[in-house]
Structures are given as structure tokens and as C-alpha cells.
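Pasting a structure here, questions to come.
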Amino acid sequence: MSHNSFGHLFRVTTWGESHGPAIGCVVDGCPPGIPLTEADIQPWLDKRRPGQSKFTTQRQEADQVRILSGVFEDEETGGQVTTGTPIALQIENIDQRSKDYSDIKDKFRPGHADYTYWQKYGVRDYRGGGRSSARETACRVAAGAVARKVLNHLIPGGVAVRGALVQVGNEHIDRAKWNWAELENNPFFCPDADAAKAWEPYIDGIRKAGSSIGAVIEVIAEGVPAGLGAPIYGKLDSDIAGALMTINAAKGVEIGAGFGAAALTGEDNADEMIRAGNKINFTANHAGGILGGISSGQPIVARFAVKPTSSILTPRKTVTKDGAETDITTKGRHDPCVGIRAVPIGEAMVACVLADHALRHLGQGLKFDQ
Amino acid sequence: MSHNSFGHLFRVTTWGESHGPAIGCVVDGCPPGIPLTEADIQPWLDKRRPGQSKFTTQRQEADQVRILSGVFEDEETGGQVTTGTPIALQIENIDQRSKDYSDIKDKFRPGHADYTYWQKYGVRDYRGGGRSSARETACRVAAGAVARKVLNHLIPGGVAVRGALVQVGNEHIDRAKWNWAELENNPFFCPDADAAKAWEPYIDGIRKAGSSIGAVIEVIAEGVPAGLGAPIYGKLDSDIAGALMTINAAKGVEIGAGFGAAALTGEDNADEMIRAGNKINFTANHAGGILGGISSGQPIVARFAVKPTSSILTPRKTVTKDGAETDITTKGRHDPCVGIRAVPIGEAMVACVLADHALRHLGQGLKFDQ
Amino acid sequence: MSHNSFGHLFRVTTWGESHGPAIGCVVDGCPPGIPLTEADIQPWLDKRRPGQSKFTTQRQEADQVRILSGVFEDEETGGQVTTGTPIALQIENIDQRSKDYSDIKDKFRPGHADYTYWQKYGVRDYRGGGRSSARETACRVAAGAVARKVLNHLIPGGVAVRGALVQVGNEHIDRAKWNWAELENNPFFCPDADAAKAWEPYIDGIRKAGSSIGAVIEVIAEGVPAGLGAPIYGKLDSDIAGALMTINAAKGVEIGAGFGAAALTGEDNADEMIRAGNKINFTANHAGGILGGISSGQPIVARFAVKPTSSILTPRKTVTKDGAETDITTKGRHDPCVGIRAVPIGEAMVACVLADHALRHLGQGLKFDQ
Amino acid sequence: MSHNSFGHLFRVTTWGESHGPAIGCVVDGCPPGIPLTEADIQPWLDKRRPGQSKFTTQRQEADQVRILSGVFEDEETGGQVTTGTPIALQIENIDQRSKDYSDIKDKFRPGHADYTYWQKYGVRDYRGGGRSSARETACRVAAGAVARKVLNHLIPGGVAVRGALVQVGNEHIDRAKWNWAELENNPFFCPDADAAKAWEPYIDGIRKAGSSIGAVIEVIAEGVPAGLGAPIYGKLDSDIAGALMTINAAKGVEIGAGFGAAALTGEDNADEMIRAGNKINFTANHAGGILGGISSGQPIVARFAVKPTSSILTPRKTVTKDGAETDITTKGRHDPCVGIRAVPIGEAMVACVLADHALRHLGQGLKFDQ
């Protein structure tokens, strides 16, 4: 049991604080013989990297990943491949802006982990949130890049895991206009061009007001064959839900029809089964690709809600460590909508869960059809 | 790693199929010296037991639990207490109605695990759903009863974990009318007397039509001290989300404001901190009692949505194992709203997560204040 | 983490006390589609069963195993096969001789777990040793029978795991006379006919004197392909050592040359590698079939030493729970040499470790050559 | 499950290859508030560091450890303490002597993991043994230093874990001359001054001959209270045995009387219990401080045997990757007796097991008496 590890056979252990010398992770269980260099990981980190538009925090971090172990030259190809030994990934912290932390050192920021860490541990690295900072999620994204390689190595045809921002505040996308290509055209990972256009002034207004807003992210995995997952306490949807809920600010998770299914009758919710040539197909995907905890072969569809960050300019009531009532205002570099950068993080978590389950499938003596 | 085990230090392993000779579980990690007899467990099983009203399946099961190990006479009190060794709990299957299973033996029921189990394993006990049957949840409720004892043993003041049905189809309770005492007065575990009155004809209509409907269950844990939980991948909310998502038919989970938080600004979502005598208090509980994965001392509030059961009288399209298209109709004993019986199950899962985290807290060298 | 579970992917959880109503285990992670009935398990239990000769305890237990879950009729063959769901195995306790336990209730038996359980838990089922009784090992033997099926299912050519008694007191076998067939001809699982003949009066003398004697058991696994195991903390020899050391009374474990290797030079200890047709072979097996924690393709050779049981007729000094000095004599049914019945238990543990590692090998994305 | 992690609640994950840029580990589960700086770890690393006498390999490594996370300034004392978050430790590889590896790149060294890694993974970092190099054990020693702090933090009175070399080849120490202080006076960690004097020319002869020799190391833990450990599969002796057997070259492990117990009668092996003032004491310690997997309060005594390294000057037969027969000679920097440097490693492993069990004890809701 480890509170800082994730997964069973594809196992990621992260370490590091926001303002320490570095952050990193150890990826254990990666099969050998998979080509892997830093160039396979860096692009995913770049998606998550702060400071890329005015809609995310202005902290400047190159987030250059280094692979410190677990890869070696393949004799046949000469290229660098995984060796089956643990892969250590490391990212230096560069922009640890040397500032005055007296405010958050002694006052608890409402809605942050400040109070609860202090209650639990009695000591905490308060600089930039320390261990509870979203900076830790860079390691998840790095590990997720490895997970993608593992999935494509193990599963015939490969697996695509993609996320998108589908709701900001009360603004929803129009699902009929969903176009993955649009994600490249706006700073929100929004798949609906019209929505993205409307969100720009909306989120900018929030930013200028020093306020913040919540969001919903959807992650879709395509190419997952039927049979991935496990019954009872190893359910694929349970593991996805647990994984997404570990993301900073996440407050809700749903699969397929999700909370909407509560309002449906059995007739409306049915995903009927039909033949499509030699394959079995479904007339709908209320299930989100998972039945009884095991994938059905349909796309896996998961959504998670993130709350608005509590780091806002409006002063809020709080208390000091000594129990005195006071006010607090968060100045400095913050995300008006943490949901934007949560998109690559959500993708990474789902990729990690799937890679873990792909190995668990094999580890039950089962195979993937070729 | 085990797909049929749950928890780390308070660890529950379940076994058994719907129509096998028995079902059971092993509860490992229970501290010694806690008074425990079958009478401590049976009332919780009786809450979940089928056939208690016309709104749940008419399968008749006494669900009498037996403790086969892990308890012994205490020398001082003479009463039966836990010994620190594994507690084996067992329930015989009695009403395994000997019927014709030819329908579900060869046809996949849409929305069930039939198809995915078959895809994964190539063999399955199809009788009554076998391992994927909700019958397995009786073991969870039994283990949950032990978890409650553990919580009350470890945490000063004790912990109360209670669940309620808060939505059926599009029918919501009025939260202003919430009264825990009302749960005894209706067959729905509904805390709002007026809603319960309205639900009776509504659910009965669904039942008579051979249809089904989804629901939302809320579970609240009171008495949890600040500091329970853990950062990063051992977050209390992640574990609760994963746990609730293992419940049959669950499609969504949320904590505190949940998906509603996506629509809020930072100002609206803030749970400000104030003094209340010698204690620290909060002006609201959007967080659902958890910050950074660690409890804040406020009540823990979790909700989960269950889909309508796909076992309905209306014929639906499906395919046979041989890939031929056909229709299927589910006759027999089924729940019009599985959300009702999901209430004690949801409570049990949250109790198990909390007991596990209470032990994990101690296992990190930490203490509970007395 | 569970103190009563063993293995990772082939995972066994045992429960039950010596004088409770039953003992049992849950075997999780067994691949589906493996033929398995009680008749596959019973013969191994019969080997371990007490009361079969005058050299083992006279407790009478039929040790009839029941499979309560995890198997179902295979459609094609009509035979019973595993389904990939947890296999619950159960054995009733029959001969719980209702006797006077006042002696061991209040006095600690030196060399038993009485004192340490009481120090740890403050309460214990003292009847027949309760949980610490070797009766628990019946569950290991039952699980080991399933492990053998798994090994033969996964590994081309199959794996044979066999144990033998190689030393009793100061009496050693002559390794030159090793003949597996002799195990059927004596009540000691001794592979050397002459040694067995000499041991009979020797052990009988110990039995009549109400004394006891230690022993060494050797377990050999043949057919294990090169590549099973894992580096660093998942080493095959580490897992075998840990497993054998969980057996009641075990005090030492060695692999291949074992402690003898301490006295060797590098030249003497070398297992040189040569060609044997198309295969690579070794000139010796000081390594016991394991290099760097991974199998080499040679037979795996492990030995473990068991101490003499402390249940003897000679009175020994001890103390009561209240701390008063006293004497204790163990009357009743006991094994003069617990090493005899440890043979099938040692085999079972090694089989379980190998089955677990076979699945772990697959779960790292690796295969067994066909 | 992770092949590169060790322990459950005090959990160490190591990474890195002999000739990569660095090696390191993540220590998770360390309680907060324990003073910890690099100066607490470095002395233990210095004990294991190569090149300190002519009796160990001449590789030059400063083995300077850096703490990259998990510690922070304590508010009250101003000193650096653990925070309850993962502690990342890192050591750079400096003396990666750039040499010609062609010999071990294509030929398997008999007795090394070369062949088995290649059989398992099909690719390996052959430089200096890569992951299978004993260089990995530096991380264990670093983690062991943290474990010692944890033990002294949790257990009243503290725990001392000390190791010594007790046998080299056929040369044994005289136990009557055991003097811990002598360990400082010879380069072998030998507690018997006379033996150490005799070993010097003996081992030097082996070194000069380019040969090698096996050894036995004894580790003793004093101050462990009665009640540490767990029954069945979480036995303290099982965990110690498994831990010591993960050490490179280890071939055997024993507790207390160990293999010697096989030759004893119950009368001879008895550790009788007597009163010593207000405490319970034992007349002997054949049990090595562990009964039924749980500590008795006596010193815990474990021994392990290491084989002679197979890196010797005498040419030995081997095969190439292509299966051709050839000879191999190991030139370069090697230890004539790897048992010497195994002493601090064995200590570290026992300290880690004890720290893990101390936390597991608390995590079962139990306490240590004050």
C-alpha cells in the first residue's frame, strides 16, 4: 500500500513538492522492448505545461523530462527501448519564484489542502502548496505517455485516449458539433469551434475579475477491445472513477450516461445488441463502454467535474494556525479555470488505468485476440 | 492485487455466485478486542434483504449470516470479541429457484455483464447472473457492519454512516424536508415524507409496467475527525468514488457539490473558515468534507447514480452466442428501482473505506485525538 | 496488505481456527477454463492428513474439501472448469475433541505462539492453538493443488513440484540413493530406502519417549522454464524463502548450495554453461536453478529446516498469564517429527509461488515459449 | 505489486542501473515529524561504500546521497523533519569507468544474472551488470537509515540493528569472543578480534589469486518489544527471510537456531520461560526472538549465507548469445568476499522489515507500551 503510487501491474510512484529541487516518478511494470525516448514523453508534458496562454497560470516551467533508468540500446534496431526495469522520470523545478510565503504559511486558504494537511501531519511544505500542488500532475502526464506506448504495444490496433473540455461554468458544448481537430484551434481543448469562440471572452472576463470557474472534462478511449477490466472490486469503471477523482479539484466522475441514467427508464437506457457483419455492435452507448466492470468493445466514455479554484482575488474569511479569524486573498499566478489543464491530466490517468488493466488481463492468463 | 478484495488494512475478500451453495467473505485486518456477534451484522443484512416490499425483487432469502472464524470469548467480559485473525462470514443461498435458464444461457442480456464476462473468460455461471449478480453485495453489507464497529472502536465519539434515496427518475427530494427519522416510515429509504408519498404510486406504476427506473443515493458520514485520508493516490474521495462505482449499476459518483461545482465561481464555491468557540468551522460544505483527499472535520457527503436495471418486460434486440440476432425479455423477479436496495450497500462501502483509512492513519504513525 | 493472504496474482487468503467450525481459503486469480473438481484437490490433502501412521498426530480429520464457488460446467466438454472468479475451498473441523483446555488457557507453552499472540492481541482462541495451529496448512495444500493445475495450464510441458524428507535429527539421507518412487514405500516421504528403514526405529523411539525431533525438507521443481521470477524485490528465491518460512516450525531456508556456498570458492561454486544440442546447459546446479532472482531452466532446489515441536512429555518451566512461574507438560496427540507432514506443505507453498510468478511473467507482457 | 518495491507501510521503491546517470529510491510511508537530513543517511552509505580497503572492489564512488523531497523545516525546532510525503533519495553514478564491455555484452557470465535477464527480457543493460548490479544495494542502505529513524521514533527505548560477519569460507568466529566494538577495528565487520586477524591473510590470499569465497552474515536486532509481527503470511521471520534473500548472492537464511534446529530434540530446543523481576524472560533463544511469526521480546537473530562471487580470474566455460561455446574470465574491480559489504546491507533490510512491521502493528489498531 502506498499513498503515492497508482496502479498494480503498471505502477506509478510519484514524489516531489512544488518548490523542491525537482519532481519525479518511477514507472514500474513496463514491458521490455518498447521504443521509448524523452521525445515520446515531452509533447504530452508540453500540452499540460503552464503559461502557454493567458488562460492558464503564468508560472514558467520548461518541464523538460529526463529518463534516468529503465531504457537501453536495443541490439537489433540500435534504438533505445525499455528493459523491463523501473523507469525513473525526473523534472526539475525551475521557476520557484522566491517570494514571501508569510500569508499562506500561517493562514489556511479555504478550499485548499492547507488545513487538512496540517491537521493530519502537523507539518507541511507550504511553498506553492507543496505536495498538494497541481505541479505533481506533470508526473502523471509523463507516466501517461509511457502508458500509451504500453497500450499500443499490447493491444492489436492500438488505443487512442483523448480528452476535451465539454463544459465551463454553465456553458456547454454542442455535442453535434464535436470535432477532435478543433482542439488544436483553441486554448481550451474544446471540440466545438463555436463554443470555444464564446468561451474566450467568458473565461477572460473571469480571469480579469480575479475570479475562477468550474468545468467538466470528457475522456474517450477508442480501440479498447471487449474483455478489459475485471469484476467486483477491480472494475474498470471503478478504477477510472477512482483515478479521475485523484486529480486536484475533481468533485465528480461519471461513465457513459452517468448521473443522467438516474432519470432514465430501462427502455430508454437500453444499449441493444445487433450484428454488424461478423461483429457484434450496440445501438447506443449509455453504458460508456463498460458492463459489469468489463469493457464491451464500445468507446469508453468518462467525464469528471472540477471545482473552481479557491485562489481568487475576493477576500475570504479564514483562520490562522493559532485559531484567530482573518481574511485571505490569493494574489499571483493562478488558473481562472483549472479544467483546461485538467484535460491532458485526465487523459493520462485513463491511459494509466487501461495500461494497468491490459497487463492485469494478461496476468490472469488471458490474451488479446490478434 | 486481487479483483475480489477491497481495502488495504481493513481488507474484505468476497466469493460466491448467485446460485452456488453459498456466498461469503473474509474480513482481514480487524483489530482485536471488539465485541462482535452475528447479531451485530444481521440487522444491516435485513435492510438489504430482498422481498421486503413489493418494490424490490421477490426472491426469498433469509440471508442469515454465520461467523466462522476470527472471534472468541473475551476473558474479562465473557462476551465474544474479535481476535485480530480473519473473520469469515458466510450466507447460504436458499432460494436458488430451479428454473429454465436456456434464455440467458445462450442470449446476452443487453446492459448486463453477460456479454463482457463471456468475452473475457469464455465461460460463466449464467444462473441468476452468477458472480455478477447483486447477490454479492450481501457480503459487502456484512463487512460494512464490521467496519462500523471498527470505526466506533478507533475514533473517539464514533462515526455514523447513513444513506438515503434522494432521486428516483426525475423525482427529487426537497432537501429542506430532510428528516433521517422518515427512513423508517417508507420502503424507499427516503428522508422526505412528502417525496416518499409521491414515489409510491410512481414506482408502483413502473413495477406494474414491467419497466425500471434509475436513482441517486446519498451517503453521509458524520463524526469523521479532520485528518482522515491521504494525499495523491490514497485520497479519501478517490477511494469513496472507486468504492461506490463498484456497486452494481452505478454510473456516477460525486462528492459535496459534485458536478454542480462545475457551474460555480470561486466565490460561490468557497467554504469559508470561521471560529466556533475553540473549534474551527466552515460556512458551507461544498467540499463534502474532503480537501486535498483528507477529511476536514465536516460531514462527508457522497452521492452515486444507478442506472435502471435492464431487466424489463419490453423485448429488446440482442444476439446469441453464435452471433444470431434475436429478442430477449426478462421475466421473473426483479427490482423496478435497484436504487432502493443500493442504499444500505452504499453505506457499507463508505463505512469500509473509512475503516480502512482509520487504520491507514494509525499505520502512518499518526493518532486520533482523544 | 493482508497478513492472511499469500501471493499477488495467484492469491490465497486463508481463514479459520483449529477448533472453530471450519477452515477455508479463497483462491483468487486462477485463470478460467481449467478443469477442476474436488477430486483434483483431495489426494494432496490426504497426503498431509493427520493420523495416517503412528508417526504423525492421531487427530482424526477426514479433511474433505468442498469447492463453494469459482467453477462451472464447461459448455463444450460438459466438465467442471474454473471461471476466473474466486474459488472458495472449505474443510469442516470434525475432531474438535472436547477436552479440558485449562492447562494451555492460562499457561504459555514455551516455543509456541501462545505468548506472542497474547502479547500482541490480548485475546486468542487457545483451543488447539487456534489460528496458529498447523491445521491452517490444510488450506495451503488445497490451494497448492489448484496452483499445480495453473502451472500445467500455463507452462508448456508442465511443472512437477515434489518434496522429500532429507534429514531427521542428525540422520541424513544418502543423496546417491535418491529415488522418488521410494516415497510411496515409507511413512516419512523419504527418497532413500535404507535411510527410511533406519529412521523407523529412531523416530519411533522419540515418539515413545514423548520427545520430538527436527528435520530438513527438500522441494524440487522440474520443468520451470528459464525466465520465471523477477529482479530485486520480486526474486523467485526470495519469494520461495519467504513462503517456506511461513510454515509452522520453519527456522531456515536455503536455495541450491545454500549455507554450504559460504564455504566454497568461486571456482568450486561455478555452474559452467555448455551447449547440449540446441539448448544451453549447466555443468552443475549450485545455484538451485535461480540466478539474479530469475529461473535458469535448471531444476529449482529449495530446502527448509523445521525445529522439533515443543509439545513434549518432559515438563518445562513456564509462566502463567498472571506471571507466576509454573511447569507445563504437553499431553495428547502430537507429531514426534513435524517435518514429515511438512513435506506436502512445502510442496504446496513452492507450487503457489511458481503459479504466482507464472502469472506475473504474463502480467509483464511476456510469454512462455511454446 | 511491484518487483522493485519493498515493504507495505514503510515502502521503498528503488530504480537505476550500475552505469546509468544515477540510482535512487522513493521511501513512502515515513511518519511525519522525524528529524532527517542527509547527515543521518550518509554514514551508513559510507559503511557500504566500495574501495575502502583492499578487500572490497576498487570502484570509486562518493555515494553522496541527496534528499529531493519529503522533508521540510519544522516550525518549532527550525530543524528539517519528515512531512509524511514521499522521500526521494538519489545518488549519482560517478565512476562509470568507460571501458570495453564487448566481453560481457555477448557472453553470459556463469553465476550471474546475465543469462536469466536475457532469457526473460530479451534486452538488458549489460554495463556493470545493469540493474542486477549490487550497486542497487546503496539505495537499500539509504532507506535503511530512514527505517532506523522510524523505529526509534515509534518504539519506546529504540531499536538497535547490528550485523557482523561470522563466517568466511570455512573460517568461523568464536562466539564466546563476540565483541561489537571490534567491528571498528577490522575491515570485515568481524566481532572476534582473533578471527579478524586470521581472516586478513586468508582473504588477501583469495584476492591475490583472483578467486573469491562465500560467507555468513548475522544480523541482530535488540530492543524489539514482544508483539511485533503477524501470523500466517505476514510472519516477521518470513519477511526477514524474504528480505535477506533479495540481497545479491544470498543463498540461505536462518532464524535463531536455524538449520541447527533440525538436529535438536524438543528438550534441547526449548526456550523455557521464567520470571525476571516484573518481566518474563527466556532461558535460551533458539527461537531467535520470534514465535509464531511474532516477536517475543528477545533479540531477533537472523543469519544469511552469500555465495562466492563468480567473477574470478580462472577461465570458465560459457556460451555466447548465439549459443557458441567459449571461455570467460572476469578482469577488473571485484570483491574477493562479497559477504563483507553485505553486512550493512543485511542490517538495512532487517531495519526496513522492522519499521514496516512497526507501522503494520499500529495499522492494526494496536499500540506500543510506553
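By letter and in written order, the chains are A, B, C and D; residue numbering begins at 1 in each of them.
Going forward, contacts are C-beta pairs under 8 Å (C-beta built on N, C-alpha and C of every residue); 3 or more make two chains touch, one makes a residue touch a chain.
This one's a predicted model, so the numbers in the text were calculated from it and none came from an experiment.
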For this session: Give the chain pair, either A-C or C-D, that is connected by more C-beta contacts.
Result: C-D
Exercise. Same or different: at the chain B/chain D interface, is the fraction of residue numbers used by both copies above or below half?
Worked result: same
Seminar exercise, completed: Expressed in whole Å, how far the mean CA point of chain B lies from that of chain C is 38
Problem set entry | Whole-Å separation of chain centres (CA-atom averages), chain A against chain C | 45
Exercise. Where the centres are mean C-alpha positions, what is the separation of chain C from chain D, in Å?
Worked result: 27
Problem set entry | Junction residues of chain B - those touching two or more other chains | 1-5, 8-9, 14, 29, 32, 84-85, 120-121, 131, 231, 360, 366
For this session: Report the residues of chain C in contact with chain A in the complex, numbered from low to high.
Result: 1, 9, 29, 31-32, 84-85, 150, 153-154, 231, 359-360, 362-366
Seminar exercise, completed: In the complex, the residues of chain B that touch chain A are 1-6, 8-9, 14, 108, 110-113, 115-117, 119-121, 131-132, 136, 167-170, 206, 211-216, 226-235, 237-239, 241-246, 250-275, 278, 280, 282-283, 286-288, 290-297, 305-312, 314, 316-319, 323-325, 339, 360-361, 366
Exercise. Where on chain A does chain D make contact in their complex?
Worked result: 1-5, 8-9, 11, 13-17, 20-24, 26, 28-29, 32-33, 66, 68-70, 72, 74-75, 81, 83-88, 120-125, 130-131
